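Two complexes, one shared chain (chain A), two partners (chain B, chain C).
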Partner chain A sequence: MGAGEGTIVIGARSRGRGLYSTSRGVRVALWIVFALFSFPFVPLVVASFAFRWHWPAVVPTEWLWTARDASTVPVGWAYLFSRVSRLGPAFANTTLIGVAVASLAVALALPAARVIARYDFRGKSFFEFVFLMPVIVPQISIGIGTLLLFLRLGLVRTHVGVILAHLVPTLPYALRIMTAVFQNLDHGYEEVAQTLGAGRMQRFVRVVLPLVLPGVATAGLFAFLISSNVFLLTFLVSGGRIPTLPTMLFSHIESGAPLDATTAGLVVIVSLPGIAFLLLTDRLTGQRLSLASLGAPVQPAVGGRR
Partner chain B sequence: MKAGGHRVAIVLGLAPVTAVLSLLFIGPLLVALAQSLGHAPIYGVEEFPTLRYYAHVLGSSRFRIALLYTLYYAVVPTIVSTVAGVALALALRHPIRGSRVLVAVLRLPVVVPYLVGASVVVALFANGGLIARVLFALGAIGSTGDFPRVLFSAGGWGVMLVYLFKQIPFTFIVVSAALAGDGAQYEEVARSLGATPVRALWHVVLPRVVPAIVTASLLVFAFNFQTYEIPYLLGATFPNTLPVEAMRRFNAADLSRRPEAMAYLMVITAISGVVLAAYLQVYRRWERGRGRS
Partner chain C sequence: MSSIEIDRVSKAYDGPLVVDSLSLCVPSGTVFGLLGPSGCGKTTTLRMIAGLLQPDSGDIRFDGVSVLAVPPERRAIGMVFQQHLLFPHMNVEQNVSFGLRMQGVRPAASRSRVDEALDLVRLGGTQRRYPAQLSGGQQQRVALARAVVTNPAVLLLDEPLSNLDTRLREEMRALIRSVQRRLGITTIVVTHDQGEAMELSDQMAVMFDGAIAQVGRPAELYARPDSARIARFLGATNLIPAQVVDTTAVDLMRIDTPFGSLDVCPGNSAPTTGSPRVVASIRCEHVAIVDRHIDGPTASGVSTRDGARNIFTGLIDDVVVGAGRITYAVDVRGTRITAVEVSDAERARGSTVQVRLPCDRVRLLPFDPDLAGR
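Take a look at the complex of A and B:
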């Protein structure tokens, strides 16, 4: 099975041709889809700037900037950016954990992906299957099991514990993306370097690494994205002591009212890693990189032609 | 390349990931398994090996109800997002005016946490949410109580809306990438050989992207079957899904109930595995029937 190819789409853009015409009905349907998926964020952005927005008002009755002097306690953005909200630590934790998880995931996945892409060996499909399991096995089973294990190892309520826990859902993505990168790698360059007298280390550092660097960055970005979106594993392993953006949003949804200004502002902040991901991957070394890699881990199991 | 003289390189390459996943993935599952079989001395439970907790869980009507709701909350959004995502990918396979903007809009839900989807659904569909307010302003409802209960109801509409918000775009993106991959020109060939648009779509375009459709729907189902926070936040107090029931038992004040929670986890894992394996099996049989594999 041709696993790997097509998981990263580079410069793939179908050409417009007169042969195909999209009917009026389809066009109208697409506009409805556009409205359905773009509108939901509008009320939240509006709500984040509202001071008073009670039932049954369709628009806020008082805005944050007109009420600033009237309020005794900070609301909405003012609250979020105050010390009390603990948004600062949550943002710092999410970033720090995400960067650590991405670095570790790439460092662990790189040698394995290279071996899987280059060699045929007995048990290869078994390893590929085991490496995709964390995406399929219920997160709650892994999460509660991890909590019990980490209680014994003294890793609960520590950053190290959360980082280690996040490796499990991120490694399958890092592995699949890096395997695809190594499969597409032209070994000719390495052989040329060898005939020119480059040693093993020199070939890896001067030839292979620069060639796979965009792929490494991609794998790292996916690992960062997944880590910054994980809720349950953090919630269980952090024991409430290490707030991250998702766990903070969880407690606000649990206790907040609909269209609550603070929760709405927090939603915008929690979406930032994802938005940064989209902007970065679009720019990355001029390659158009596909979000479809989020489906990559199970492709060895599904196989088929792509 | 054959393994031949590269055995050391292969072992060294695979060792780090294998070690890490053994400790952090297999390890936790074994701990949960041991507790579910009665090995939990820290809670004063030491009756290993016993199947008593499994018997208790599987025999309870609460478990059976939770299982039905878990399947219902998982399967319905999987079918809807697969159909809608594939339809969208097909409609957008040739660029039209505005399609770039639409694709950009559809990428956002994929990269934000599910909890963002939950906030969106609460803001719109709560009884005091924006849709209820618009209906009130239009005179369609007289109070918050007249708005149908979308959230916190056994119907699970709120839960499923969150899934659809994330998963229709996800399916669209995975299937679109497959459509844009190798073989995109076959449709043109079929059309120029006289195939009608519908025939070309059904016999040439769709079969090529079936693996992508299976990939997307498999991941979507696997996620929906086991997620905790969305049904916990937006589902009913009772009935709710298996993960919510498991967490409730895990957090119970009486720690000796934890083995029961672990039995829940193992059963959730087993059922999810069986359903996914059966789905893959059906798909592989279909592929063989078509003469590929």
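Take a look at the complex of A and C:
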């Protein structure tokens, strides 16, 4: 994801009368894209309700509800929603850690990105390289390194430890996104505010923050998505003691049930926090989360946001 | 409301000096026009006055007190930037009231002042619109309202009217003048439109390459430029390379030009280097064209003594008809003289005419190898 490359439009919802109305062709294209993206989910959802589904059958040969008595232990959704599965704590952990990681990543990336985008200093390209390292280095190396360090610091098996470890793969993305956002933000807005009597804090709160908010939401969203998908780091640092959706999924697969209804259901659930977070950030910013729209005047939500 | 003094200020970005030991003084409550070609350092100068840029050397004083240590937000200035930079996430009312909010003005009080400022720029009723929903000219006027609504002591305008059509531009000029007079704001207006600078300013300066070339009242600068470059920058003019041949006569000086000798009033020459090589400058609208068969300039009602001098025969080479004025290029023995006549009666191309260069309108300027003969 290069700085300012292409447009990343996330959750572009049509919002009443915009300045541009979408033509029919555009709408058809959008639906095709939607179909392509949601295609992999369809068999997953179907599988989560299947008791038996062998190739080459197009639909399951036996559904869960018809085979309720065939199995002695609950399977599929029944299992997932039973207390035995411990889905609840895993879901809570994933969400909690994800939100904490997203907030921290954004809070750290914001000032750093501003400096990188705005100023030239000695060793700037070196810093940029270092910030990008975690993306290049294999996660297992990061994981072992982090583990060794955290063992000494007593952070192993703590939520704090997991959150800090998750910052390693998330921060580079947040930084990248925020740097692009600040590079597209005209410094002139702050200067105008300054001539109008706004001090440093007021300029940041009233001018900079609202203008970079879509970017902040995007960065936070990415951090959250990455965090809610990390298995290895969580597993190593938590010592298996803090269950999250990915660790739960992996241990389930490891236990020798490759794609039964339970696994399929679990996979569907794993993707839920991300979708929920996407909808939430979209609602929060009240406008399209578009990196490219930041340089140009941000299109106001016509019709107002009440 | 406060006077501005710029004292030998210099500024370089990475390379050469962009502003080079520039000094000027704007008396309190007056309008100062800063005129110069693109890239000469006008915006840079304005940004240093605003405090957005720190000079490398020199001093800037408001009311005699140095403001170099004062950050922009405490300099009590209003500034309209070249790119009007309305806050895109705020509507018109929020944009205009921004400065008032920073001053802690209560919303109720601020609303009426915003309405007043918007009425002033003829944009009443647009309060709820967002910048993206305004035309370029409307955005510029909102930026102007935003800058003056706080009653700043100093108003800095960086080409505030560049996006407007002719009529609106004239209206806005009048408006800036009236706002400025009413509030007594010391104003610096940057432009590269000489007409605009002349109409708006009490005093104006022409700037080349980061330094002030000449300062004065607009009419004075227009009539008595110090150099060929200034003369040409301030409106259309004929620049003729010449040689001073006779300075003995008390009331008249004689110069040699490529098309013959000219008599010139001696009072009308720039402080020259003393060299006999000069450039004679005469504004296009001061060149009189006389039909050849109407004998003598007496017909055009000029006093005979002066009128009889400096008359040359030429051929009309080119005719450009403008709005209420016609521009002729007349070939006088190989030298092209441009003349502008305020008239509707068009003379035919190729006809022979006489041009008269009034003695008191010819100004002698220092020789400039780049400009002579154009």
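The criterion applied here is as follows: the second predicted complex is superposed on the first by the 206 of 306 C-alpha atoms of A that agree within 3 Å, B and C clash if a C-alpha of one lies under 4 Å from a C-alpha of the other, contacts with A are read in each partner's own complex, and residues count from 1 in each chain.
The rule is short, and it goes like this: a residue touches a chain if its C-beta (ideal position, glycine included) is under 8 Å from a C-beta of that chain, and two chains touch if they have at least 3 such contacts.
Predicted, not measured: the structure shown is a model, and the values here were computed from it.
Student: Between chain B (first) and chain C (second), which does A:L196 come into contact with in this model arrangement: first, second, both, or neither?
Tutor: It touches chain C, and chain B stays clear.
Student: I'd like to know which partner A:R114 touches here: chain B for first, chain C for second, both or neither.
Tutor: First partner only, chain B.
Student: Once the structures are superposed on A, label A:L211 by its partner contacts, choosing first (chain B), second (chain C), both or neither.
Tutor: After superposition on chain A, A:L211 lies in contact with chain C alone.
Student: Have a look at where A:A223 lands relative to chain B and chain C in the superposition and call it first, second, both or neither.
Tutor: neither
Student: Going by the contact rule stated at the top, is it chain B or chain C that touches a larger number of residues on chain A?
Tutor: B
Student: Per the contact definition in the header, classify A:L87: touching chain B only (first), chain C only (second), both, or neither.
Tutor: In the superposition, A:L87 contacts neither chain B nor chain C.
Student: In the superposed arrangement, which partner chain does A:G188 touch: chain B (first), chain C (second), both, or neither?
Tutor: Touch partner of A:G188: chain C, not chain B.
Student: Using the superposition described at the top, list the residues of chain A that contact chain B and also contact chain C.
Tutor: On chain A, the overlap between the chain B and chain C contacts is residues 19, 298-299, 302.
Student: Residue numbers of chain C touching chain A in their complex, please.
Tutor: Against chain A, the touching part of chain C is residues 50, 52, 71-75, 77-79, 81, 83, 85-89, 91, 98-99, 102-103, 130-133, 146-147, 150.
Student: List the residues on chain B that touch chain A in their complex, please.
Tutor: Spelled out, the residues of chain B in touch with chain A are 1-3, 6-7, 9-10, 12-14, 16-18, 20-21, 24-25, 27-32, 35, 88, 91-96, 98-99, 101-102, 105-116, 118-120, 122-124, 126, 128-130, 132-134, 136-137, 144, 165, 169-170, 173-174, 176-184, 188, 191, 197, 208, 210-212, 214-216, 218-219, 222, 225-229, 233, 243, 246-247, 250, 261-262, 265-266, 268-269, 272-273, 276, 280, 283, 287, 292-293.
Student: Name, in rising order, each residue of chain A that touches chain C in their complex.
Tutor: 19, 186, 188-189, 191-199, 202, 206-207, 210-211, 297-300, 302
Student: Inside the complex, what are the residues of chain A that reach chain B?
Tutor: Touching chain B: residues 5-6, 9, 12-14, 16-17, 19-20, 22, 26-27, 29-30, 33-34, 37-38, 40-41, 43-44, 47, 55-58, 107-109, 111-112, 114-116, 118-122, 127, 130-131, 133-146, 148-149, 164-165, 167-168, 171, 175, 225, 228-229, 231-232, 235, 245-246, 249-250, 253-254, 257-259, 263-264, 267, 270-271, 273-275, 277-278, 290-292, 294-295, 298-299, 301-306 of chain A.
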